[in-house]
């Protein structure tokens, strides 16, 4: 049922993106409400509710896909927050980005790290300096 | 020492890509041997030997970055093999690709699944049909 | 209902892509059947059945998006066929590609024209030479 | 004649992009005037003056190519304005973007919708809320 | 005059791409002759005939842009030949590709080197093995 | 030795990017210091110190790769400065960008020219208006 896909998606969106996700959907309400509906029903309803990958693994894949696509810093910001929300440590997020260097080159990784820097600062996260 | 980065990288390359990795390096020997050297030293030496992510997680990130970049089917083929080599199940590889749909669209995912189909067939892997 | 989205999507897929569309879905059956299901339910069910754009306009947008993404020649082949199926003339398909030159550069347009050349030849379509 | 291509292009640029197009060309005058000349002569002179597609269709293709390329929000802003100028309705612009979801994924579509939101707000366009 | 842009472009195309360039234009004659005309008039007429960069520098920039774009191996093949035709050594072509690693990652560079391998083999070019 | 690669890279980074390069590395110190280390060791140590291309040629290739990749304006800003630092004239930088039009389309070139405009203005560089 449509209702159920939307309900499942809303729950998953809340769990992953919390307030930031709701803000994205709300920002679409007066211009493209169906886009918000599809994000909830298809991305967070159909896809995020599948078996076979943990939520943590799904967020790892998501931030990697966004980093590699380029020009998706706004969505990366939402999903760096999402990654933290589902329990990925700040250090692991940075490690994911560093692993991408050989595949995407330095510039996309620098953009992703700068986005993480902004998110970590907003959440008052401090990485300790040990190597 | 250079030698040690190369040695560490050769070991990691063997572990991840097995024969296919060696074939890529060998194919570069008479045209761009330094490219092969950097793949071993930097990608597999510096990056793959870092802490913070398991080999399985590194391969998940790698195939995602290759799928999202587009036009990297040859490298995706090597790393789908690599993913199997480090113990990711065929079903999980497909699940990673399906998770990418909302972020990259269907065409890049179709290309990745077709590459997996070729690899699975070469390795005589049959997915059973349960949903 | 899921059934209804699938039924609507199957109908639209048939109308747009005919045999080629079915072949794509069938080729996924033993490796990633859910990918085929989402193509039918979401792409052809949810999206293609929306109001506001004609089928011809939807195919114009689709081939443009595939051309500009790069590396999607397999999907472009399906949707050049789809464009012909919904009534876009061969000359108009080429005109769409030519319009993209300033936005994507010549190489992606050359790739798209070469894909069209293959499709036109398979369908025994001959462009007359008038300018 | 060069003069004629430039004249034709200037006319088309005015018609499509109005003030915004002139501003782009003017902004290039002291750094890369030939870039402005080529935009007028080639993009708007040679390409936009061709037969086979209406101006409305050309703008539909243009915004789609810009959305799918990624990182072209500045040019997308100019051509969302251009699309409105040649008579495409705000609702149809959004529908074009929504149609792209299966081919480009959600992030590029979100970026395009956010750019449209900015343009619509500047032009005091309000979408009514009916679904 | 159009004629003059076409004549200048034809001359430059011959000089850079020789037989391969003519083959690309000829292959467009019965499907998209205007695309061939624009390649000659705009790319090789307007752009290649400008001052400020040597032909060798223009080819260096061209192969770099094609490598970084991804999915342009057919055009890269033409311009690796072009680079050789205007006097860039095989070793320098490979060096250009290796320089791109930090900016594009290894996969696009591997694709470019494999394309060069094909071209060098067809032209019977052997790189000696000194490092 | 690691030390030597870092030392060579630091020297090259200084020569190419001057203060801007150091600022990028410093900005990574508290979030991803290893990313800065790899930029110095691998990009500026291994790659920039190779024979076969002049520093000027390396910067030409770098800005081209960044322009063509899209969404790398921050890194392009650093390397437009780098290009000026190693002696490429402002006019030649713009000519490199203009040469890319046929391969990448106008939008990426416009983004690069706008980035150059910002850099030239910060460095108080005025292009004279002769064609």
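A, B, C, D, E and F are the chain letters, set down in written order, and residue numbers restart from 1 in every chain.
Basically, contacts are C-beta pairs under 8 Å (C-beta built on N, C-alpha and C of every residue); 3 or more make two chains touch, one makes a residue touch a chain.
Note that this is a predicted model, so its numbers are computed, not measured.
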In terms of residue-numbered contact pairs, which of A-B, C-F or A-F coincides with D-F for over half of them?
-> A-F
For the sequence-identical pair chain A and chain F, determine the rotation angle of the Cα superposition and round it to the nearest 5 degrees.
-> 120
Furthest chain, CA centroid comparison against chain C | F
Centre-to-centre distance between chain D and chain B (centres being mean Cα positions), rounded to whole Å = 39
Separation of mean Cα positions, chain F and chain E [Å, integer] | 23
Taking each chain's centre as the mean position of its Cα atoms, how many Å separate chain C from chain E?
-> 30
Listed in rising order, chain F residues that touch 2 or more other chains are 34, 38-39, 42-43, 50, 66, 69-72, 75, 98, 101-107
Could you draw the chains as nodes, link the ones that touch, and say if you get a line, ring, star, complete or other?
-> complete
Would you tell me which residues of chain B are touching chain D in their complex?
-> 101-107
Touching chain A in the complex, chain C uses residues 1-2, 34, 38, 42, 46, 50
Listed in rising order, the residues of chain B that touch chain E in the complex are 24, 27-35, 38-39, 43, 66, 69-72, 74-75
State the interface residues of chain F toward chain D in the complex, per the touch definition above.
-> 70-71, 94, 97-98, 101, 105-111, 113-114, 116-117, 120, 126-127, 129, 131
Would you pull the chain A residues touching chain B in the complex into a rising list?
-> 39, 42-43, 47, 50-53, 57-58, 60-62, 64-69, 72, 75, 91-92, 95-96, 98-104
